[in-house]
Structure formats: C-alpha cells, structure tokens
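Have a look at these structures, which come just after this line.
Okay, so chain A shows up in both of these, paired with chain B first and chain C after.
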Partner chain A sequence: MAEATAIQTRSHAHTEPWGAKPKRMFAPSTIMVYGVLIVAALYYLLPLYVMVMTSLKGMPEIRLGNIFAPPVEVTFEPWVKAWSQACTGLYCEGIRTGFWNSVKITFPSVIASILIASVNGYALSNWKFRGSEVFFTILLFGAFIPYQVMLYPLVIITRELGIFGTLTGVVVIHTIFGMPILTLLFRNYFASLPPELFKAARVDGAGFWRIFFQIMLPMSLPIFVVAIILQVTGIWNDFLFGVIFAGTPNFPMTVQLNNIVNSVQGVKEYNVNMAATILTGAVPLLIYFLSGRYFVRGIAAGAVKG
Partner chain B sequence: MKMDTNVGTSVSIRDLSLSFGSVNVLRKLDLEIRDGEFLVLLGPSGCGKSTLLNCIAGLLDVSEGQIIIKGRNVTWEEPKDRGIGMVFQSYALYPQMTVEKNLSFGLRVAGVPKEEIKKRIARAAEILQIEPLLQRKPSALSGGQRQRVAIGRALVRDVDVFLFDEPLSNLDAKLRSELRVEIKRLHQKLGNTMIYVTHDQIEALTLADRIAVMKGGVVQQLDDPMTIYNKPRNRFVAGFIGSPSMNFISGTLAEKAGKPVFRADDLEVALHGYEADEALAPGREVVLGLRPEHIRIGGEGSDGHEAIVDLDEPMGADSLVWLKVAGKPLSVRVESGKRYRPGEKVKVHFNAPMASVFDAKSEERV
Partner chain C sequence: MAGDRKPLGLFRNLNAKIAALPMIATVLVVFIGCTLWTVVYSFTSSRSLPMLNFVGIDQYTRLFKSSRWMVSVENIAIYGCLSLVFSIVVGFILAVFMDQKIRFENTFRTIFLYPFALSFIVTGLVWQWILNPLGIEKVVRDLGFESFNLPLLTDRSLVIYAIVIAGLWQGTGLVMALMLAGLRNIDEEIWKAARVDGIPTWKTYVFVIIPMMRPVFVTTLVLIATGIVKLYDLVVAMTNGGPGISSEVPAKYVYDFMFAWANLGQGLAASTVMLTTVLIILIPWAMLEFGGRKGRAG
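Moving on to the complex of A and B:
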C-alpha cells in the first residue's frame, strides 16, 4: 500500500522525465523539413499557376507582361477557343478532335497491353517453363533499347501489314512497347503472392485460366491500378508514335497541341495555348488524383520484391 | 526392410530422385507407406522433406523414379488426379472467398453436384467445428481457425491420402499443441493415410505411427517413434531427436574382466547389458551416446562416477543438471524439486542398456 502511494506521488511531481516525451512545435529539424517541402511544392506549382492565370486573361492583359498577376477580368474565351476553334495547320476545329483521337488510341492500347502483360507475368512467375527466364530477360531487354532505333523497321513492318497510318497501327505499336515494363510489373507482383496459394489451387484441380481469373486476378487490384495509370499516362502523353504511326486524321491530342502552339501565322495567343496545354494534360492528372492512393499501394506491393 | 508392396500399401515411392541443375535434393529414395498409416517426415530445414511431399502431391516433377498411390502409378499425373489433399504451412486460403467457397472450390472445379457439395461441406464443418465460420472471409479468422479451414479443404475432397506441410509451424505454442491433438484425433476418426512434414520432433513423436528422419535428401531411419528415440541408427538421428539432446562422449572400447567397457581418458563406463554385446570389439574407436534421462544422480558416498555440478536448469516438470564427469560435460535430467548448487560433488550412474554406441568414423550404430 505504501509503495503504491509512493508511485502515485512521484507521477504527480514531474521533476524527472515521465511518460510521453514532449514534442517541440518548432524544432530546427521540423522547420527544415517543412521549409524544403514548401519550397519544392512552390517550385512545381508556380508554372501551373502561371498557366491557369494566363489562360484566364484576355490578350491585352497578357501584353502588360505581369505573368504572376491574377486576371483583372476573368474570361473563359481562350478555353472555348482552344477546345473548338484553334487552328491546327489547315483545320480550325480546336483540339477536340485530338482529344477524341487520343481517347480512341489510349483505350484499346491500355486494355490490350494490360491484358496480355498480366497473363505474361502470371505465366512467367507461376508456370515456369524451360527457357522462361531467358525469355523474360530478352523481353526486359526491350525496355532498354531506344525507341528511335526501332522506328524505321517498325514503319516498314506496319506498312507491309497494311496498318501504317491507321488507329490499329498505333494501338499495336503502343501495346508492343508497353510489354516489357508491364510484364516486369506483373511478374514481380505475382511472384510476391504466396506460392502455396497457387499450389493449393492446383491440388484443387484448377487449371491455368481458372487460377488466373478466380485466384490471382481478385488479389491483384492494386497492381492493375498501377498498370492502368502507367499506361494511360504514357500513351496519352506520347507524341512520337502518334505522329509517326497514327496518320493525319488520327493525330492524338499531343500532336495537335504541338501544331497549335507552334503555328507560325498570326499572333501568338498565349492564353489559348495555355488552355490547350492544360486540357491536354488534364486526363493523366485526373487519373492520378482519382487513384493515387492505389498507385502508391500497388507500387509498394509489387515493385519491391523481385 | 522388405514389405509386401501390393496389399495394404497406400503410397509407395520407388527410387525417387530429384535434382535442380547440379543440386540433388532427393537421392534414390524408397518409401512404403501402409494403408491408414500416419507417417511423419522429420528433418532439419533443407533436408528435402517438403520437396518429397511436393513430389508426392505432383507439384514438382521428379527426375527419376516412381510414385504409386493406391496401386496406381501417378508419377506423371496432375495433382488433382492423384487422390490427395494437401494442407500448407501458410494455410493458403483463397483470401477473396468465404470459408464455404474455399471449401467448395475444388469440388466446383471438379463439377460435383450442388447437393453433394453441400453434404460434404456440412460433414467437414461438423468434424472440424467450423460451422459458425462458413460465411466469413479468411481475414476474419484467427490462425487456428484458418488452419482448421485449410484442413477442411483437404477433407471435403474425400481423398485417400492427406499431405501436411508443416501445418502447425505458423501457430503459437499453445494452439500448436491443441491442434496437434485434433489432428491425431482426426486421424483416428478417419483412418486415412497421412503424410506429415515437420521439423518439430515433439509433433513427430506424438503423432507418428512411423517417423522417417531425413537428411541431405536421404532417409536416415524409418521406424516407430520409440525405436527412433531409443535405438537411433546413427549419430545424426540420435542428436536430432530428443530435447534436451543426447550426450556424446568420444572414446575407445576395451575389455575388463571379460566384459566390454567404454573408456575416455579417466572415464570408464561398463557396457554390460548393451544390446549388441558381442559387437563391442576392444580397441574400436566409438562415440557413446547417453540421453539425459538415462543418467542417474546418486547420493554422496554411493558407488558411481565422481561428478561436479556445473549448472542447474529448472524446467518445471523436471530440471536439467549440467555436470562435469572426468572433465567431460554431461547433462542429466532429474526430478524437479531437487536443486543442485554449482560446484557440488555428486555421484552418477549410467544406464548402459539404454545407451547408444556409434562407430567414430561411420557414425553408424554399433
């Protein structure tokens, strides 16, 4: 009893360190960390700020040269013009055609590449066959060859196949070029799942496809989100393959944006250019905001273990 | 060990070898497992016991040899066609399916009629007492419950042979001993052939009808638990089985008054009564193995060997006393309640008939 009282008295007198260690609000390390983070955030946000501000101003206001000043008179005219009237070469239909072209290219490319790559990765990690490691190494090697080396041969191949300058052509190209990195991604993810699960399913009598669809796929949402983000961003932002393989009527948004921004006739309409650029970049940005949480989770789950 | 290979044999493994590249994991392995037998494959990690189980299950292709289950050569068959059910260490439950769906997965794959599936799940759930859990997902179960479901998944398959791959290793000590009893009870109830892999000797000794002690891809000894414990065939088996482990003393054999004795420096142990009296030729270099419970501490003044207490380890039911006899360390099991102080002088007696003598070179039992 006496001992218990003694302990209680000691707990009231805080002369010695007792309990949770107090945290200082403005410790030097805290100030450093937040300082660096804020500066870095500003550095990356400033260009976006300038773009949004400029796109909301009229041309007379832009000519004043105060690029950081918010618009005195907010106008959405440049956005409308960028979307539906801006001239790309001879056509003045804005970048909306480019937007729909990009959608038409991105959708099938993302779906096809992810479907094939996920089956590839599953087979390479769970159904090892003689030479599967060599096969995987060769596939991976593809990720390190500069695209430019392969362009001319690919132009000839697609021409011979009769798909040069078509939507199909550019979709096929994107699917092929997505293979190495996506296969790596899926293979590593499936390799990180407990191998007993696969064995149990085999003892239960499930075959290649049933294990894939009923056991593996339901466990792989995070890595699919990662793959979707990677592919949508990559394909949407692609310029090179679009300009070469898609053909003029199918130019993706990036190509049309370039044509608008770099057109040499007339005045440079900075506000329209800015609006067009933001419109083009909006899709990957949106995808990332909507699924960033899964992205981080998926990267952590799949990419670490090899 | 010749046995009738046709009648009463459930699983028979003939000349089985498996190598990954230049590494031989299993070497020319022969094993006959009787109908309804509980066989435990025991060994340190990397001895090939899990590999052997995976070969029996058909999850690994063998390099050489045959596997015959229920008189059918299944060496090239798919796992599902072998008439086996398997339980894994990590449970391997399908995380996105409920317990019921986990249990029925294999049956649904095989196209078993719905009524039949229902009946079998009800039976398995009753045996394993997991009825209240059927609608839960594996993530909502405790470790013990998960392993029970995993056993149930093998149960509903209605197979002849159950394969267990260290099923209790992921559980804590208390649950492990509980489930161990349940597995034994399950075996008594079902009477199936069970092949059970573990590195835990207590599991092996308590569960097995016969234990196959493995090392380096080779079965060192295949016998019932008591024989393995009391008459280990070589020094590896002797050292691996038993906790606290066996005492080993190197020395030579000699003869004294017409009876064999063991000599190591100043220590002399009479081996009269040892099983193979006549094999104990004088002059042979040997290792004497004595289990801690086969050494007795007598009171001061009695005859026996002089010993000095080094350390006393109380373990509850009994205690382990470390002694120095003629400069050699020995551990002795004594009843709890008796305490010995370091430095205390005692007399020890050896139970020669229970001793094991191994050849110093070959390490085989003499």
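Moving on to the complex of A and C:
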C-alpha cells in the first residue's frame, strides 16, 4: 500500500508538473519518510544539544540533574574557564594556547598545500610529461596507506632537517599528506575546463606560468574555495600529526583538548570540558554551516573520485 | 606541447616538471621510501633507535602472541564489520528517504552531515560524556528504572560498541551524501520504466537501483574500510584503550610501541601488518576499477 502510493506520488511529480494534490502530504508513506528523517535528525542533533546544555550549567546542577534538561541557571563561567583557565598538567592557561597554535599550524599548512597542489594539478592536466601519470597514480595510492606506516621514517627525516617538534615540521607534514587529495581535486578541475582555452593561449605564445596565472587561476575560484574548506577542517581536526610533529609548546587545539578532558588529576568539571569541546569544534562547524554546498562538494569530489 | 626546438628529453616541458617536483619527492621519499623503510626495519630487533640487526620474523611472531595485539585486531574487526554494515545500510536508507522530493532537504542534509565536520577527538569526548554514568544512565534511572545499567564505557566486552556508536554518528552522514549523489545520477527513465512495468518502489531499489549504483557502493566501501584501519583518535579521546586493554586498536598499538615504549621493531611490524591489510582491501578494488579500462586514470 505504502509503495503503491509512493509510486503514484512519483509519477504525478513527473508527468504532471503542477504536482500532487495537497492532501498527499498526509499519505502514510509521506508520514513514514518524514518520521524516519526526523527521528534520525534528532539522534544526530542530540550530542550537540547535550554539549551546549552541559556547558551552560553549574557543576552541582550537572551532578543532580539530567543531561537533556536545559539549565535552570544559565552560566557562562565554564566557557570563560575553558578558554583561559583550564589545566593541562601543570599549566592552567586554558584552551586558548591550543587555539592559537592551531591557527598558526592551519594557516601556513593550508596555503602551502594548496599552492603546491594547484600548480601540480595544473601540470598534470595540461602539461603531461613522461611518467607524470605514474607518479600521480602512486600519489593516489599513497592516500590509502595508513599514516602509521610512514610515521617513524618521517620523524627521522624531520629530525635530520631540524624541524621535528616545530611548527614548520607539522606544516610540512600536513602539506605532504594533503597532496594526494588536493592534487586530484585540482587536476580533475583543470581537466574539466574547455581545452580550447589552453590551446588558444599556447598559440598566442603564453607559457606554463602565464597560462596558469592569467587563464587558469581566474577561472578556478570555486575549486580553491572547496580546497580551502577541505584543508582548514582537515588540518584543524588533526590529532596524530600534531601530537607527534608539533612539539609540546605547539600542540594544536585537539591535542590540548584531549589533555584537558582526559587528564587524571583533579575533579572532573564536565561543564568546562564540554565548553572546551565546543570551542574546539567551533571552527570547522562554523566553516561547515557557512559553506554548505561547497563542503559537500569538497568531500564528494575527494571521495567519489578517489 | 613540445617546445619550438627539439630539446633534450629531460628539459622538455621543464616548468611542468619543476611544478611537479614536490609531488615527485613526496611519492619517492614518503610514499615509497618511508613505506619500504618501515617494512625493512620491521624485520630487525630495533628498540629505541632503528638498527639493522635482522631477526627474521621474530617481531611478527611476538606480535601475534601478544594479547594486546590480538585484542586490538579483534576490536578493529568488530568495529570494522559493524560500522561498514550500519553506515552503508543506514546511509543508503537515509539517502533513499532524502530522495523522495521532500521539503527541507537542505536542513536534513546539514543535520546529517555536520558531525563529519567535527574531529574524532570532539566526537569521542561528547560520546564519552553522554555514555558516562551521569549521562543517559542517570536519565533513565531518574525516570524510575532504578536498576537500569548502561555500562558501555566500563564493561570490557561492551566498550568497543560504544566506540562504534560514536564512529557511526560521525561518519554516516558522509555515506548518506555519497549515496544521495549516486541516487541523483540514476536516469529518471529507469524510474519511468519501472513504473510502467508496475514494479513496486522497494523492488526497483533492491533489484534495479542498487545494482546500478555498484560503483558508488564499492567506492564507499573502500573509503570506509581504509578509514577503519586508521581508527585512532576516537579511541584515544573516548577510552584511551581502556578499561584495561579492552578497547585497544592496531593504530594505537603502533603509536604506543613506537613513541611511548621505545620498542620500535614491534611498532614497525604492527604497522606493516596494517599496510598489508590495506593492500588486501585496495588491490582487488583497484584491479576491478582500473584494470578493465586502461588509460582513464583518476
């Protein structure tokens, strides 16, 4: 019965553009579809809701009350404490150190990786040379190798270069591991541009860099936006590279957050922990909510064609 | 694309080669060099420093005798199977429902996908809080079910399922988005034909649409599977391997042996096993995907 209605709804939608009658809104299948989607949406929203609510309560209320209940008395103290006083080990400077470290790591990493990958993708799509496809294929396969396999040799290499445990070190590592996905993204994008443009520029005598800067770049703003979103969220969310390559004073926000929340000393302050957690998730979330379709495009481009 | 003259092979297209240098270096040094280094040194008895004293497969025998490693493997198997099955099934069902020309599609999509923007650390910490004794357990007890227990984080045999729940929350939205893109690529004619033949919607999905979406399923499968092998941050944030060693995973085993306990050989052997696992997943897929139609890379 439900299926039959669904088919009818579909056929109406296709053969008669003026669409289904309003009462179809309440057909059993429609109710089921919305029911399932709403239940699923609630499940997805629940942790965010719990995070926010917990971070706005005082500790006594948390111990007595229920995690789903909104705060009786709203307090922003946990937020202040999480930002500027929460402790990791002996240092009680809050998560702001981690925040600024993450900023210092993310900015140069995003710029370096996108610069390198965009030129690289352009070379691979328009200026193929002997072996370029082979390198590209290995690069893509490299994206699937577990990082753990390459970690220790990279520690040795960065140590030999004198950049182990520094911001430069972690930026280099992010640039390296961002390369497969970004190169793929840019290569596919440049390959999708009309080849006549490139040929015309060649006929007019423009060279490699000139075509890149004057023809390709002005047309590739969307893909740069996608790449920036992909990289900012990816690098901001990284934990493994930060904990290994950045060095203790440069620990990114994720590492510091984990140290604050999972430290064994002291009384657990769940409200402060949740405030710190929201603060850490805020940057990628903000990017996600602001960018919408670009975000989806980024992960889809990365995923489907990988 | 050659220059005006016929220059030497190496200097032809020089700018492109310069532009590709970072990629070439990454491929040769990192992806090939570092991987080979790890494989070679996994056959040595290196402790805190890498040394080339080969001991055959000693590290591997020790690895598979270690209860910590066996627990890790078992955990990743449970986590892997459950998150593969559930994220694909749930992701597909959500995508089908999203594809019914519903209202507020963008709102639903935003809601399902936002956890994917969050890090595993954030995900782990949120679920740690929800599943701890002051969380859901207390809510249900306060409702009058005094004896209700939800020892997901404290029971050794259940803790991996807690991690599965958190992992699914974070990743299913992505699967939904991929599946939805796949569904939107299906030609409307297929639906018309199915309707003309009077095939029920669910049958059309099972016997027509799903087989047509095979590439999407395969790609999703490979993506999730290779992601599963890397599972690390989520466990560190949520349980740090505990209670005891009951939620250890291979990636954490590697990290602990390499960086915390200075037993390099063990860590390298474990990471080589991880690499082998990924290759076992990847090679059949690559052969299926790219073997048949040469010349169309990417």
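The rule is short, and it goes like this: the second predicted complex is superposed on the first by the 266 of 306 C-alpha atoms of A that agree within 3 Å, B and C clash if a C-alpha of one lies under 4 Å from a C-alpha of the other, contacts with A are read in each partner's own complex, and residues count from 1 in each chain.
Note that contacts are C-beta pairs under 8 Å (C-beta built on N, C-alpha and C of every residue); 3 or more make two chains touch, one makes a residue touch a chain.
Since the model is a prediction, treat every value here as computed from it, not as a measurement.
When the two complexes are superposed, the chain touching more residues of chain A, out of chain B and chain C, is C. Of the two partner chains placed by the overlay, neither chain B nor chain C lies in contact with A:52. Legend: residue contacts after superposition of the two complexes on their common chain; A:87 is shown touching neither chain B nor chain C.
In the superposition on chain A, A:111 makes contact with neither chain B nor chain C. In the superposed pair of complexes, A:194 makes contact with chain B only, with no contact to chain C. In the superposed model, A:40 lies in contact with chain C only, and not with chain B.
In the superposition on chain A, A:218 makes contact with chain B only, not with chain C.
Residues 202 of chain A touch chain B in one complex and chain C in the other. By the touch criterion stated above, chain A contacts chain C in their complex at residues 3-4, 6-7, 9-11, 13-14, 30, 33-34, 36-37, 40-41, 43-48, 50-51, 54, 62-63, 66-68, 116, 119-120, 122-124, 127-130, 132-133, 135-142, 144-154, 156-157, 175-176, 179, 183-184, 187-188, 202, 207-209, 233, 236-240, 244, 254, 257-258, 261-262, 270, 273-274, 277, 280-281, 284-285, 287-289, 292, 295-296, 299-300, 303-306. Within the complex, the chain B residues that touch chain A are 54, 57-59, 78-80, 84-86, 88-96, 105-106, 109-110, 153, 157. Across the interface of their complex, chain B is touched by residues 194, 196-197, 199-206, 210, 214-215, 218-219 of chain A.
Chain C contributes residues 1, 9, 12-13, 15-17, 19-20, 22-24, 26-27, 29-35, 37-38, 41, 50, 93-94, 97-98, 100-102, 106, 108-122, 125-130, 134-136, 138-139, 142, 169, 173-174, 177-178, 181, 188, 191-192, 195, 200-202, 216, 219-220, 222-223, 226, 229-230, 232-233, 236-237, 240, 250-251, 254-255, 258-259, 264, 267-268, 270-272, 274-275, 278, 282, 286, 297-298 to its touches with chain A in the complex.
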